[in-house]
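Please read through the structure below; I'll follow up with questions.
First chain written, first letter: the chains are A, B, C, D, E and F, and each begins at residue 1.
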Amino acid sequence: MRPSGRAPDEMRPISIETHFTKHAEGSCLIGFGDTRVLVTASVEDRLPPWLRGKGEGWVTAEYSMLPRATHTRGQREAAKGKQSGRTQEIQRLIGRSLRAVVDLKKLGEHQITLDCDVLQADGGTRTAAISGAWVALRLAVDGLLASGAIKEDPISGRVAAISCGIYNGTPVLDLDYIEDSSADADANFVLIEGGQIAEVQATAEGATYDEESLLRLLRLARMGTDRIFAVQADAVK
Amino acid sequence: MRPSGRAPDEMRPISIETHFTKHAEGSCLIGFGDTRVLVTASVEDRLPPWLRGKGEGWVTAEYSMLPRATHTRGQREAAKGKQSGRTQEIQRLIGRSLRAVVDLKKLGEHQITLDCDVLQADGGTRTAAISGAWVALRLAVDGLLASGAIKEDPISGRVAAISCGIYNGTPVLDLDYIEDSSADADANFVLIEGGQIAEVQATAEGATYDEESLLRLLRLARMGTDRIFAVQADAVK
Amino acid sequence: MRPSGRAPDEMRPISIETHFTKHAEGSCLIGFGDTRVLVTASVEDRLPPWLRGKGEGWVTAEYSMLPRATHTRGQREAAKGKQSGRTQEIQRLIGRSLRAVVDLKKLGEHQITLDCDVLQADGGTRTAAISGAWVALRLAVDGLLASGAIKEDPISGRVAAISCGIYNGTPVLDLDYIEDSSADADANFVLIEGGQIAEVQATAEGATYDEESLLRLLRLARMGTDRIFAVQADAVK
Amino acid sequence: MRPSGRAPDEMRPISIETHFTKHAEGSCLIGFGDTRVLVTASVEDRLPPWLRGKGEGWVTAEYSMLPRATHTRGQREAAKGKQSGRTQEIQRLIGRSLRAVVDLKKLGEHQITLDCDVLQADGGTRTAAISGAWVALRLAVDGLLASGAIKEDPISGRVAAISCGIYNGTPVLDLDYIEDSSADADANFVLIEGGQIAEVQATAEGATYDEESLLRLLRLARMGTDRIFAVQADAVK
Amino acid sequence: MRPSGRAPDEMRPISIETHFTKHAEGSCLIGFGDTRVLVTASVEDRLPPWLRGKGEGWVTAEYSMLPRATHTRGQREAAKGKQSGRTQEIQRLIGRSLRAVVDLKKLGEHQITLDCDVLQADGGTRTAAISGAWVALRLAVDGLLASGAIKEDPISGRVAAISCGIYNGTPVLDLDYIEDSSADADANFVLIEGGQIAEVQATAEGATYDEESLLRLLRLARMGTDRIFAVQADAVK
Amino acid sequence: MRPSGRAPDEMRPISIETHFTKHAEGSCLIGFGDTRVLVTASVEDRLPPWLRGKGEGWVTAEYSMLPRATHTRGQREAAKGKQSGRTQEIQRLIGRSLRAVVDLKKLGEHQITLDCDVLQADGGTRTAAISGAWVALRLAVDGLLASGAIKEDPISGRVAAISCGIYNGTPVLDLDYIEDSSADADANFVLIEGGQIAEVQATAEGATYDEESLLRLLRLARMGTDRIFAVQADAVK
């Protein structure tokens, strides 16, 4: 039995509120249950040095948790003077996941930065961030297309992410914080609408796992991302 | 004439949404027009080393802007590896302002940290932060009183802050971003309910100012903070 | 009664020794009683990136205390690897105060950096720094005028600063360290010769204050800066 | 065809030279083809603060590349003043992988740090590091058992890692640098002797991949780690 | 011929003004010609962790140049966020030189920090710092003896330092900035009164040198330090 | 008697294995007894800003110890976020020593960086680094000559370094770690083939020393470097 009373393949409610802030070219507040992440997409003409003059663009991401997004207050990374390994790992994952559905040549010489700031955390912040980042990116790119800054749509499809894990011996979908803290294995799947895989990260925590479990988790993830794809579609309609 | 069409002594709408996040002991989302600041109050038993064993507590603050709270994206301070002078100046001001209405002995050996994160900026972020921080602090202290962790209320009254300035030669109340960018003088007032002053910071930007102007700005600030005191009272009722 | 036996409106002796170091384009050692600050003005052709090519100059300041300027040794900021919030707040204030009397267009494409290093501290280091920085700046600008590097004098008048405070319930002028440590309110005033105000920073420490007190502190500050203006005039004659 | 002329399921020669350095409690130089990683295991009694007094130990890892391990010289992280996100991600992976086969209670209050320094890089540095770290750990733990510092062997089995990828549309085993630079997908598998999985990280680079490909990569990885398990066994005999 | 017109074995005037600042337990302003270094000695009871509880003390040093001590302004190390290699090398040398004449056991559990801040530089700042540091240390230790905090004098003798070099083929004593910039070899000698050597650092800059030159430089250094010993003796009388 | 049983003028075995890594333009693993340093020479066209466009090159060095090169594990400098004063002092010495035998004009606009990474430490790591760096540099420059990138050999001769010290009152050659830890004086000599001196650094540790001792140490150093010159010659033949 899951602490929340959910069935093994039951997700938490997903919500996406677009245009949550007014300055960014695209933005949304995405909720996976009590997890809430504010994502903004900022379009800039300034490219990283190694990409200048190549006629293509770049999509990157930054991630942060507000100090009191969590049960107990964490030290602010700006005050500590550096980003943790966890933060860097997550923001690299978000950027990579979004680039899996973007044709950088079609994007032209624009850089889009996806800032993912966790306002409240209850497990699954990185997968919520990826799923919300797609929405903010979609809105920002729509603006570029509308203004004529780019001609062709560089986004080839939707991308979404969800965590699954083995909790008390049972594969379950969409871990919340309590489950995440004591799961035997914890996996994040980044999937593309249509079935392709962008990233699998499946980690043994308390106990190692076998191939069959990996496949069951992947199957759960497909159910989850199908649900997210629908909410994304609705949000950007 | 003000760009927004407001009268010189007209404030923007103020909104306070309490309990905006669920983990913090106190929290609110405060809005001064389009400026929106999320404030959380975190209660901890761990005191800074120089206060341990003295039987009193501490109230401190941290401040940050999300990278895209502003018109153009700013670099994330955690990525730069340090907090700017502006950030440090503001968070010192917030902490000092709140301590002006707190009896640290009555607080007992608790530290309350007020995290003020600007989700969207349109001028007046530090004054919104101070005004919202009082609400989050009030809620957190109510919790300490309710649980019996402290016996006497350490908060002696309300504190609120507002910016005023001389815009096109006219003293005006509650500067928004456009006014702030081209004001001749820019002043932040931190006032206590009942008339006392906690802090005045009045800075010449384009042109210096005289004593009469300082007094007129202070008078406008009193009007502004009276309005904020009412909204604060309503929020914590 | 003040610990030093001074009357409430009595300043400590002020001394200014110009040309204290030989390499800088302008320099002085300023003393407010036992507080001694070495100020140098360095003229450079290299402007900050955001000002290049605009045909105007820049005036900025840096501030530091020697580790043993104070009663007990403080850690060296270069060894800690960062400047404190207090240091940054002060150096921003010094630069802003000097810019209040400089026409940056008349300065041409020169940057003048005012380095204020506290050799010995006994209260009022930031106000001594501002008052001495005006002298070093004046000397450096005289050099630019003499060499023909600039045609018109960019300095429109004198600027000086002094601290006042409420000590044991009485407004007093020019706080020394002992008074500063236990004052109820502490205010720094940056005034322009002729009566205009460049900056007011008035902070409640032990107790909040009222409008009448603010005005009395301002009146004391006028007395103090009039005295400093005379010493400055003498120093640069 | 692979640039090296290897068959899709053909690994590069693996070599392990134990006791490569004399001070460490365990050490080896591991080679996967031209990739060479020096791993040392250091046993210390000092535990991280959050583990003290719990009667259990800790296994952690650090990773670094010498500046000229690669084709072109990279900047030294100690000179830059911070570890890159890639470095932190890899050292977290190494530590987690080793902990998957260690019973921290049986290890007692000892911390073992696995330092993995890449002397020469040609693809697969993180998987070589994990595979070599097991050897260094085994040697260090043997020392603890021999000296009587611990009673029961805390290591439950072997762990090894290998990279696989989709190169020119074909799943291949043990990517070298040239393949890694242009692979469509790049996966790192950390496997336990006997068949269990400790970690899967499978990332789309040029093109996304499907479930069938993931399974074929996993099958190749099993072949690879079986070979590594044999070389490890030989090395610590 | 030397640019200053000095004879090869002629030093610049040396001046030592003791008690230059009032808070430090010992202090002086030392001048070697236009080079001026402010040295303070701070006595603290707090020892570095690795010395606590051993019944002995520690003597250490820090060194810094004010940004405009030099011909052109250098960036402030506190602003850069780190001390240069040159700074660290010099402060290690100063500490080591002073410890050569201090019996740390007799010093008892006190740490004395010698802060050497260069107010004006014209060559020889590190040797002036060492020579002045001895004076500040002597004064601080006299205070410890006078107060009874220590019983026996831990200082076994005087230490002084001077730079020599090969300038235009001729060995010369006490290099000033112009000579230092173009010397073929540059040597710093730290000598003990009575003839013993604490440190020799002799570096080829433009051309390597032979054993005979090294000995001639050492002979010049003896002349120089004998002069400094006399001025030190006079200063602390 | 020396702990190792060596005679006072007896060196440890010296070994140089060239081409230890395959990517660097020059490389060797040098051993002085159990001290082993991997040196790579990297040739780049990118010069430091202050040398660009002057038609000459630059030779510089970086130095690091692997965390467990030593008896007990040291913290990794990349993890600490800065290089120690000792590291910076050593890498400055290595660069300066090599430049003593290089004509930077003949090197043309190339920068050669010598990375010296200590794999195992047993005293004398800086002198082994200098001696090995010459070999790596020689190999890299041979490559530039062979490819026609430069026309004339910029290397004027060999440079080698060795440590000597006064151990138990006796001057000894080539200190190992045990001797180094308790020597009364510790000297590093950087000598040029043919007899010239590039650098002397002779430091009193436990006891100061006299001129006669300095000369005896220099004589030992000549014996040591003569031996190193022979091994260097053999290595690059």
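The definition used in the following text is that a contact is a pair of C-beta atoms (placed from the backbone, for glycine too) under 8 Å apart; a residue touches a chain by one contact, two chains touch by 3 or more.
By chain, UniProt protein names: A, B, C, D, E, F = Ribonuclease PH.
Since we're looking at a predicted model, the values are computed, not measured.
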| item | value |
| --- | --- |
| Set of chains adjacent to subunit D and to subunit F | none |
| Length of the shortest touching-chain route, subunit A through to subunit D | 1 |
| Subunit D onto subunit E, rotation angle from CA fit, given as a multiple of 5 degrees | 120 |
| Remotest chain, subunit A as reference, centres from CA atoms | E |
| Whole-Å gap between the CA centroids of subunit B and subunit E | 50 |
| Between subunit E and subunit A, distance of the C-alpha-averaged centres to the nearest whole Å | 59 |
| Intercentroid distance (Cα basis), subunit C paired with subunit B, Å | 28 |
| Numbers and ranges of subunit E residues touching at least 2 other chains | 81-83 |
| Chains in cyclic order, anchored at subunit B, direction fixed by subunit C | B, C, E, F, D, A |
| Interface residues, subunit D side, partner subunit A - complex | 82-86, 88-89, 91-92, 96, 100, 192, 195-204, 208-211, 214-215, 218 |
| Subunit F - residues contacting subunit D, complex | 21-24, 27, 34, 38, 40, 42, 44, 62, 64, 66-71, 73, 76-83, 87, 113, 115, 117, 119-121 |
